[in-house]
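Please go over the structures that come below.
Same chain, two partners: subunit A is paired with subunit B first, then with subunit C.
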Partner chain A sequence: MGKKPIDRFTEASAGAGWRVFWWAVYLLVFVAVPIALHAYIKHTGSVAQSLKFILPWIIFCLVLIGRMIVLFATRNMPRMARKEATEGYLCILPWLIGFCSFTLGPMIFSIYIAMCDWDIINAPRFVGLANFQQALFHDFRFIQALKVTIVYAMFALPLGLIGSLMVALLLNQKVRGMSWFRTIFYIPAILPGVATAMVWKWIFNPENGILNIFLSSKIWPWLHIGKGLSVEHIALVNTPPPWLADPKWALPAFILMSLWGIGGGMIIYLAGLQGIPTQLYEAAEIDGANPIQKFRKITLPMVSPTIFFNLVMGVIGSFQVFTSSFVMTAGGPAYATLFYLLYLYQKAFQYFQMGYAAAMAWILFVVILICTLLVFKSSSAWVYYEGELKGKR
Partner chain B sequence: MATIAKQEKIGKWSTSRLKANALTYFLLITGSALVLVPFVWMVSSSLKDPGEIFKQVRTFRDVFPAKPLWGNYPEALKFMNFTGCLRNTCIITFFAMAGQIMSASLVAFGFARMRFPGRDVLFIVLLATIMLPPQVTLIPIFKIFTTLGWYDTFFPLTVPAFFGGGVFAVFLLRQYYMTIPIEMDEAAKIDGAGTFGIFTKVILPQVKPALGTVAIFSFMGHWNDFLGPLIYLSDPAKRTLALALYAFQGEHATDWHLLMAAATVVMLPLLTIFFCAQKYFIQGVVISGVKG
Partner chain C sequence: MKTRLHAIILICAAVVSFALCGCSKPKTKPGMIELKMTLWDKQEDLEFYARALKEFYKEHPNIRVTIEATPWVRMFDKLLVSTAGGRSPDVSRISSTWFTPCAAKNLVECLDPYIENDPEFDISDFYKPAVQGWGTYNGKIYAIPGDVDIYAMYYNKTMFDKYGVPYPDETWDWEKYLWAAKKLSKDFDGDGKLEQWGCVPDQWQDYVWQNGGDILSKDNTRCILDQPAAYDAIQWMADLRTKDHVAPSATDAADIGTQKMFTNGQVGMFVSGSWAAAIVFKKEITTFEYDVAPLPKGKQRASFIGGAAFGILRGSKHKKEAWELVKFMTSPSMQRHFAEEKQIIPSRKSVAESGAYLLMKDPPKNKQVFIDTINFGHTLPKVECSREMNEIIASEITLAILGKKSAKDACAVAARRANDILMYNAE
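On to the complex of A and B.
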């Protein structure tokens, strides 16, 4: 069948009658309705009051504009391809609507309010870059929040990456009952943040928490093997740290707690480890490689894409600490655990400085972007992709 | 068959094998113990009485309650209005899950199977939204929902799920769809199926495991969500479990036995689901992690 030349715009609706109909609709929606709405808004005197009349019209407008865009984008296509394309757009329509109304639109709006003084009730007052200036140069809490988050990331991220890789290596051994151990290690990653934060707050309790009970040795008699030692002699620490009550120890407590949840990264490593072909190890064994050489020359390069993935996710994730600090310390003591998002939340929903909070969100975005770009840039030096050497399949 | 193969590979319990793997087992058991200690501590604390909880622990025996006080549980549940919160959480989770599964599977189908101009660019845009911290759009979205009069309703927590269903879900399902041979679509097309017919009758039945994974992660995400309910819900009767647990902590800051009982109960549904559907959890992480 030969392709016939395509009649633009009328193909989908097929027929002169439909063409007239659509032009009438366009005329009505884009000309008549705005005039009517304008008159109505003037009559009621406020935009907010006539919102319920404006909204359906806006939605209808968007539908029509969308239809026009689709018709335009598919104007040179054969009939079947055009049908497929239209249906394709319909399939992704939920996401398109969601993207425009919950991501793109709010992003633009967010840029605007970041440059405003806004308490969400009164109208935003444009202040230019004052919010950014205030945050970066005059707000010690902001600097503190940034510092807390970065210090946390600098410790929790590498420890978590190495720890979860170690655990994954351990869980990749072929021994019986392994699925049970895998399950156990993964449990912490699935639990609600509020509940785990509360449990850890109780664990960190200076006098009655299990951690300090353990450290201060009062529990050690049951392990008392050496006869001549008194309880005090086997004390791990004589005066255990007060953890969340002390500015010096609060952040280390959070880092310690984050290590409990390494199961999430561990599972991803495990998948990466199981993707390594066993032939590589067999060949290395024939060549006389010892376990350390096998780890360094085979395992590490082969899981490096997984390390990369976990690193990128970890960078994003370590800036997202909120629930645990909100529940456990509310930022205290002395702002020692004032994580970035906690401060953002406080600014937005406790002080109602929406403009300032939006500015903070954008600063966070830039920080995350820079960190991720650095990771990406460095990746060519240490991430090994098998396809690169093999070339095309 | 499968079990036999597994047996051959790993072998049966034997002393020699145990000895060879002694170090592995030692590390595994130590690690698991460290992971489980918080749970043990939580449950044991939840069964103590208020006096016992602040008593100095002298021996190993003192870690556990002298006499388990099961009455803590009903008391804690009563204080945090458990049944009401459970109902709220179930409603929100159900609708958000349904929305996420429906929209994500459809959107992923569009990206995997249909050809239309701008598809690849749009897919990259979709993936790029992972990079955007949700806080950037938090305040504008809050404004949108309050303007719509949806403050203190469940709509802000469920409606967005119907529009797109999250990047990970779409990505994961698309990966799955791509593994189904396109010939199946074509065969169905020849048999007279429309696009929607192909989607519901050919594609969806084959990706049940992936849908299971998406469902479980969606469940976990919405059940555990804290910031959303914290921002949008103010009426105590509308609280979700996570929010109620937090509020409970504010009201009974030192009643650790009750707090731990409440935390245990809030964790239980997730633990149950996790143990029943472990396979889907692990599978989902593996696919999104390795292929991402």
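On to the complex of A and C.
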């Protein structure tokens, strides 16, 4: 049986003649054609007209560069493996084009813009690190935004983690109708952000919101809370705080509101809890462990990878709170709820200082990266993976 | 296998050529030129413009104008975004609040060459403070002022008569103002809380200017609110609420707002703009007579002045025709229409002083006050970052006005923050 055409083609392309051919193609496309295009643009005087030549040239360039990259990446592979690898790259080509155009390209552009001064109708003006300088040293709103976001993260994260774990433990029992309870707890996490924010804005209303009506309702004097602790001692009940209208109470209001969304973490914890083998609990029972010991010695270590996951996702998410503050307070009474992303949005789309906003975005990237790296580094101390995966990052 | 390779190449070529087919040029209509104008009036006012534009079509039969109404708060953003997107309107009404960022960003065309080449257009007919305030940037004219908003003091004549206080006039200064306000502030039922107040001050910038201070230094590079001239004025104004109790505090006004309190007859003197008479007071004041007087002078007379202007946007493709439209919207006949139908003070001297505005029968009677005050008008600072800077200054000054901070501290903080913003302000 003779060699298949593709094999003959692949063998022949390894020969010296083919190498010369490809060198000639590269020279032509990357050197000769741009020179010719440049001369053509100068001659006709308009870039728009020569677009019909530039566009195919760019596509050809990209194809050739792609070929070079693939050949380099598969340089030590045998023939069949190389063929399969090439087909793989071709398969992901649509995604790759989308990724480069809509994610990677804009990211690179954003790094450039972060060092420019750009309102969208004039050309960007290069200013070096002035945006970063202004943000870090000469902008009280930036520092305030950082402060607000970090304080929020510091409180909302632990509360959320502990809350979701507690709820997951509760809902992990074999009680009839458990799936209904799980659904009820999970629904708030999937509701649209704007709708939730508007409902909570109404709940937090100082005069008519149900929270304050509940706090100042007549039932509290009826419950004798504690020995000698009368209702007058609880300032919260005496004069319910004005929540979103008061700089001191606006951020606590947001932290409270974040507890509504613990259903999201709860679902993941449930999955983790159900992965704990029951024989561990049975063995502990035989050894005479009480529930608290079972929790501390079995449940917590076995669920620590899930905690780790939720912590990392929580760090990334809690730094990026935007919708609620945009809808409810627009920066808050005296900048008390000026979250980082909200300030970024204001700078970009209200004051049209795109360069400054891009600089802020990259500073946020660095902050979240450092926090996440810290979490990862510390994970070997408290995250327990079963079996041979112990210590894997 | 060669056929498979060929098939792939053919498909790719087909896809690329289809994609390129999608880019086509829009077709142009022969003859008629379509202009787009953006304004911030309400939908029902648009028919007023449709009527007025009939005169324009008589003179320029080859031009048609479509009007787009955008809310005032979104106007500047819309102009920026539509210019960046390539679909900008041709002519727009430009507010004095954001005229300077507009001109600094080159959003509007410089109108000097159009004015020079047009012999029948007389720029000197327009009030100089208006042209300087929101028409000129860096010595060049970028927009033609269409109307003037000026602030003065509306007062409740019936209340003044009842308590025997003489009407305010141009001799009044801060002491007389405080004296009159004290006479008018009454606690009717003796519960320690006032039901009637003497005045509602408003607009802290007026008091700073009347005291000889200013917000920015003469060259617009430094904020000088931390000078005694500025913070003493703000402190005096804040004391009207907190110390002298002649003005309603924020909690008093929280329910219905200070304007409603004036139209209900609970406030003696109310500082507001010239637009308030036609838009608000005509409908709402039914129980008493009112008139208008100049703001009392501090060390000098000063008042807040603003307004709107018409300009040609940079992205317009028919700038010559747009200039004709701008001329029409600021023409004497158009300004007379505005003055008669909406009591808007025209920016042309010839129209304002001719009587079209002054002789209108609706109150307030003393409209000459507005015209006279134009010469003492001060505008907000003219820097590119004015929107942001005004916001951060206002957030601090509000604390001083509410009595939460002393004016000196608030001004020091506000000046520091404003200087931070000005430091990076583009030249």
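As a convention for this text, the second predicted complex is superposed on the first by the 289 of 393 C-alpha atoms of A that agree within 3 Å, B and C clash if a C-alpha of one lies under 4 Å from a C-alpha of the other, contacts with A are read in each partner's own complex, and residues count from 1 in each chain.
Just so we're on the same page, contacts are C-beta pairs under 8 Å (C-beta built on N, C-alpha and C of every residue); 3 or more make two chains touch, one makes a residue touch a chain.
Computed from a predicted model, the values in this text were never measured in an experiment.
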First (subunit B), second (subunit C), both or neither touched by A:N122: second
Residues of subunit A touched, compared between subunit B and subunit C (which is higher): B
Contacts of A:I41 with subunit B and subunit C, given as first, second, both or neither: neither
First (subunit B), second (subunit C), both or neither touched by A:P106: first
Subunit B versus subunit C as contact partner of A:V199, first or second or both or neither: first
Touched partner set for A:V327, first subunit B, second subunit C, both or neither: first
Which superposed partner A:I298 touches (first subunit B, second subunit C, both, neither): neither
First, second, both or neither for A:A289, with subunit B first and subunit C second: neither
Contact residues of subunit A, present in both the subunit B and the subunit C interface: 120, 349
Complex contacts: residues of subunit A adjacent to subunit B: 48, 51, 73-74, 81, 84-92, 94-99, 101-103, 105-107, 109-110, 113, 120, 167, 170-171, 173-176, 181-188, 190-196, 198-200, 202-203, 205, 207-208, 210, 213, 218-219, 221-222, 260, 263-264, 267-268, 270-272, 275, 306, 309-310, 316, 319-320, 322-323, 326-327, 341, 344-345, 348-349, 354, 357-358, 360-362, 364-365, 368-369, 372
Of subunit B, residues touching subunit A in the complex: 9-11, 13, 17, 21, 24-25, 27-28, 31-32, 35-39, 41-42, 45, 53-54, 56-63, 103, 106-107, 109-111, 114-119, 122, 125-126, 129-133, 135-144, 146-147, 160, 162-165, 170, 195, 199, 220, 223-224, 226-227, 231, 241-243, 245-246, 249, 256, 259-260, 263, 266-267, 270-271, 274-275, 278, 281-282, 285-286, 289-290, 292
In the complex with subunit C, residue positions of subunit A that touch it: 4-6, 9, 52, 55-56, 59, 117, 119-122, 125, 130, 134, 138-141, 334-335, 349-352
Interface residues, subunit C side, partner subunit A - complex: 1-2, 16, 20, 77, 80-81, 83-84, 105-107, 314, 385, 387-388, 392, 395, 399, 417, 420-421, 423-424, 426
